[in-house]
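You will see two complexes here that share subunit A, one where it goes with subunit B and one where it goes with subunit C.
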Partner chain A sequence: MRNPPDLIVVGAGVVGAACAYYAARAGLTVTVIDRGSVAGGTTGAGEGNLLVSDKEPGPELELALFSAELWRELAEVLPPRIEYEAKGGLVVASDGQAMAALRDFAARQAQHGVSTETVPGERLRELEPHLAPDLMGGVHYPQDAQVQPALAAAHLLRAAGDRLQLRLGEEVTAILTGPSGEVRGVRTSTGELHAPYVVNAAGSWGGELARLAGVELPVLPRRGFVLVTEPLPRVVRRKVYAADYVADVASDSAALQTSAVVEGTPAGPVLIGASRERVGFDRSLSVEALRRLAGQAVRLFPVLATVRALRTYAGFRPYLPDHLPAIGPDPRRPGLLHACGHEGAGIGLAPATGRIIAESLTDGQLPLDIAPFRPDRFGGGEAR
Partner chain B sequence: MARDRSPAELVGAAPDTAFEITFDGRPITALPGQSVAAALWAAGILAWRTTRAGGRPRGAFCGIGHCFDCLATVNGQPNRRACLVPAHPGDTVTTQEGHGHDELAV
Partner chain C sequence: MTSSPSDEPEYDLAVIGAGAAGLAGAVTAAELGLSVALLDTAAHPGGQFYRHPAPALGATRPEALHHDWSTFDELRRRLADSDARYLAGHHVWTVVRTEPRRDRWEVHAATGADGNGERPVRVRARAVLLATGAYERQLPFPGWTLPGVVGAGGAQAMLKSGLVLPGRRVVVAGSGPLLLAVAASLATAGARVPAVVEASGYLGYARHPRALAADVHKLAEAAVHGTALLRHRVRLRTRSAVTQVHGADRVEAVTVSRLDRDWRPVPGTGRRIACDALAVGHGLVPQLELATGLGCATRRTQDGTSALDLDADQQTSVPGIWAAGETGGVGGVRLACVEGELAGVAIAARLRERPALTAGGRVRALRRRRDRMRAFAAVMAAAHAPGPGWSRWLDDATDVCRCEEVTAGRIREAVTDYGARDARTVKLLTRAGMGWCQGRMCGTAVACLVGEGQGAQLPPSPERRPLAVPVRLEMLAALAETAARENPPSKAPQPPG
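And now, the complex of A and B:
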């Protein structure tokens, strides 16, 4: 029998993998448990966006900038198969009003460490030759990058080495607590596992896991479709999207929203992403969402009208009411930490989240102020 | 010597007049209703695509539209499933290199 681990991470998505990786690197032993497979939830349904461009100045941008640095480090350590590409992003505006708003937004970001470069309309096609000719202009964000999210999660877990044990296909059914309410481990479909710390990296299902621990965390799913074209040569060099995407990401509307983010992949297919709607955990296909995504992608890149869309995939982006993740110890339940609720930015924000969790567990120095991510900020206290 | 019997003979089919298509410029005989893949096979041609990564040869595999191995460029359009596309008089079939969209590369 192995000794009990120092911590249990629930969730083998990219956030759980990053928590396990940084904790193992800090000398802790970790068991990662997932009821499904590695990257079987939101991670596997994402596009691998590592974006700073869509974040307004504030705590999430700080987290994203720190994470962008960590991804650059990870790209040196993890194998090239994770398909890390420091390709940069290009946000484009179709009219003068959108361009003015975009320029404004970029100027505020630039004051907080984001590299931005305004691109006049006539120069857009030097950067992206297939872009529609009638766009007003754009902003180039060299720090935006991309990774293949499922492979990144898998290789993070592998890089955690001997200190990591991975238990897949095993569902956590209870959080075990001691006499003063402190976490003692978990019960799963196959038995009990003891550890002084449990990290909730259950993504869209993080609210359910919090409830098992007797605390409220209002994580809700937001459904998103990604449309996949047939394999192509490089037709889109960067991550390209229309300026309205930023407004959509921050929106509180439940209705279907689409703003196409278009990007090529090393494997060939172009990914067209980012519909958003609040329909609970309903997986059914929305032709309307796909129709709009396709239409918007073709408006940005008319050449895409001549190629085929082969398939689509959908996932649930976990969001909290203020659109910030929950990261760090939960004061309501000693020994419980949260690392979930990253909405559509979890791939990008995973390394920073993992580092924060590892530092919290080893009394290390936190890389940034995590007060905005406090898991108990929505009140509610203990759920009994 | 045993005589080769074609599927058409085996089922007693009486197809209409054969016509011509071309494969990489070479004339091939096809029958009405025959798929492009069947016509190529009947002419002894087994490969009409190369893979994206290794440039390896590919032709019909499942023959029922499922595996996408038999992709060919038909009348200039890449990625047509040769096993499903019916041959028409004058069709131009060409070997597809990789994804068949080199002209779009930037």
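And now, the complex of A and C:
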């Protein structure tokens, strides 16, 4: 038998993998537990967007910029099979009003460290030769990048090396606590495992895990569909989307919203996604979501009209009421840390999240102010 | 009438699939007064079993390759005489509930896929009968991607629809009762069949004499094939498998090895057989995309596939969605006809609120026949279920997913080194199953390779494929807008505060 680990991470998605990777690198021993496979939840249903372009100035943008740097470092360390591509993003506007708003938005982002480059309509096709000819203009974001999320999670876990133990197909059924309410470990379907720290990286199911620990964390699922086309030669070079996307991401509406992000992949298929709607854990197909995704993609890239969608998949993006993740120690339950609620940005924000968790456990220097991500900021549900 | 409007009127019943089960269901329901739409991808009805040459080929006796042709003739005639609307060339890609009132079903299809005029068609109905049939199961082995290797069912389909042979000297291999029929058809059509190589023994049947005796037709069928094979001096090798295909550009020979009870090849038993084609298949897999997309419950069959879980009236676990034929478990054409008729009656009874329709002697007799044939099908499935050792045929260099060229070695690595525990994660990590066929070809093999690493069983439920067939983006974009659950997104980014 091994000694008990320093840390248990619940969830083998990309966020859990990043927490495990940075914790192991900091010298801690880690056990990652997941009731399913590596990348079996939201990570496996994501597109692998590493975006700064869609974020307005504020705590999430800071996190995204830090994370973008870490992804660049990781791309050097992890094998090329993770398909990291620093391809850049291109946000386009169809009319003058949208262009003015986009330019204004980009100017404010630029003041906070985002690289932006305004592209007039006539130059758009130098960047993306197959774009529709009638667009007003756009903004190029060279820091946007892409990664294949499932492979990224799998390789982060592997790169954690000997300090990591992976336990899959094992569900956490209870969080064990000591006499003064502090975390002692977890109980799973196969027995008890002790550790002084437990990290909640359970994604869409993070609220349930928090409840097992006796604390409230209002994580809710937001459904997103992604359309995948047949393999094509590179017709889309960057991540391309209409300016409306930014408004959708920040939206509080439960209604279906779509603004397609269109991008090519090294394997050939073009990904078009994602719609956003709040319907609980309902996987049934929304024809309306597909209609809009397809329509928007074809408007941006008319060449895609006769291309076939081979499949579509739905995933659940975990979000918190203020659309910011919960990252860091939970003062209500000593020994419990959270790393969940990243909504549609979890792949991008994973490394920064992992670093914050590792630094909090080793009393290291926090890379940024994590107060906005405090897990207890919604009040209620004090530890019993 | 060649064209259909893009929005069909509302029907009582939409039947998907015009094979034996769908035809029987559609004509039965129409004759009981329901308005029926019958959608099918092919240009003419018949499905896989009653596949026949296009009229232009001028075949004088298409029935020569079929038994039960008169049943099909009868169904065709009843269809022509009925008010059912037959929509040929319609590729159904999804079935969903209507929004916002979720009391109807919307069948979405693409038509005109063969030419340029591809258009979306939406059929609304109060009930849906899924009769989408089955496709052939393939288990890979070294050399299976070489030209000249064809599916056993595919070889028969080629023969039935185009009257062409896959080769002059054809080894038939795999497992399941279809192999005998295929070998008999090939031999009758003039091919040499040096061997039929069956992986299981036929002893499995002997353990269930009652189920066998209850389906006299099946036994008679087997006897007919057996006689044809004897006449053409075709040798049946049981407990054997093709474990290697030889040839540079196309098939020149195969190696046939003996198998132990778990289907592991017995070392030193390999024998080379010269041939120019190999027709191979391991039984059939129910085609369930539309059903699983709707959330219909499935059950595991005796041979490790998934089939729909149906009640005594052929209804799925989702009220309003019914199924008949191979979707409920592979059982053959006669079972399909019985189930189609049963479903047609039960749907009419439900929609017309006439429960008496299902209380008569005819329905009782149909149910008895169905139960008998289902019992036989279960014995057959158990007898031909792939043994756990089959994956030993594969060396690490064998392509398992041919669309994406993913080898057995990469799949094993995803399981042992990268934390994949199911076919879905293997797909995400290796791209196995992400290509054109969407895993229909390699799905079984991938699931078995995953199980190899952990002694696990095949997944309890089939993978969901929300698009049953590939769909053009312009066609999706041209769908009528649904009024439900939507707010137009604002035009421009919202500068905060």
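Everything below uses one rule, namely that the second predicted complex is superposed on the first by the 381 of 384 C-alpha atoms of A that agree within 3 Å, B and C clash if a C-alpha of one lies under 4 Å from a C-alpha of the other, contacts with A are read in each partner's own complex, and residues count from 1 in each chain.
Rule of thumb we're sticking to: contacts are C-beta pairs under 8 Å (C-beta built on N, C-alpha and C of every residue); 3 or more make two chains touch, one makes a residue touch a chain.
Keep in mind that what you see is a predicted model, and the values were worked out from it rather than measured.
Student: Please work out whether A:Ala154 is in contact with subunit B alone, subunit C alone, both, or neither, and reply first, second, both or neither.
Tutor: So A:Ala154 only meets subunit C here.
Student: Touching A:Ser259 in the superposition: subunit B (first), subunit C (second), both, neither?
Tutor: A:Ser259 contacts subunit C only, not subunit B.
Student: Quick check for you: in the superposed arrangement, does A:Gly40 touch first (subunit B), second (subunit C), both or neither?
Tutor: In the superposition, A:Gly40 touches subunit C alone.
Student: Taking the superposition as given, does A:Ala101 touch the first partner, subunit B, the second, subunit C, both, or neither?
Tutor: A:Ala101: touches subunit C, not subunit B.
Student: So, A:Glu230: does it touch subunit B (first), subunit C (second), both, or neither?
Tutor: both
Student: Applying the touch criterion given at the start, work out whether A:Arg308 contacts subunit B, subunit C, both or neither, answering first, second, both or neither.
Tutor: Both: A:Arg308 reaches subunit B and subunit C.
Student: Given the touch rule stated above, what does A:Ile356 touch, subunit B (first), subunit C (second), both, or neither?
Tutor: neither
Student: Touching A:Val287 in the superposition: subunit B (first), subunit C (second), both, neither?
Tutor: The answer is second: A:Val287 touches subunit C but not subunit B.
Student: Of subunit B and subunit C, which one contacts the greater number of residues in subunit A?
Tutor: Comparing touch counts on subunit A for subunit B and subunit C gives C.
Student: Overlap of the subunit B and subunit C footprints on subunit A, residue-wise?
Tutor: 230-231, 307-308
Student: Quick one: which bits of subunit C touch subunit A in the complex? Just the residue numbers, please.
Tutor: 94, 96-97, 99, 106, 108, 293-295, 404, 414, 417-422, 424-425, 428-429, 431, 434-436, 438, 464-467, 470-477, 479, 481-482, 484-487, 489-496
Student: Going by the contact rule at the top, pick out the subunit B residues touching subunit A in the complex.
Tutor: These residues of subunit B touch subunit A: 52, 79, 99, 101-102, 104-106.
Student: Applying the document's contact rule, which stretches of subunit A touch subunit B when the two form their complex?
Tutor: 128-130, 230-235, 237, 268, 303, 307-308
Student: Okay, in this complex, where on subunit A does subunit C touch?
Tutor: 12, 36-40, 44, 56, 58, 93, 95, 97-98, 100-102, 104-105, 108, 150-151, 154-155, 157-158, 166, 168-169, 227-231, 243-244, 246-248, 250-251, 253, 255-259, 267, 269, 272, 277, 283-288, 290-291, 293-295, 297-298, 304-314
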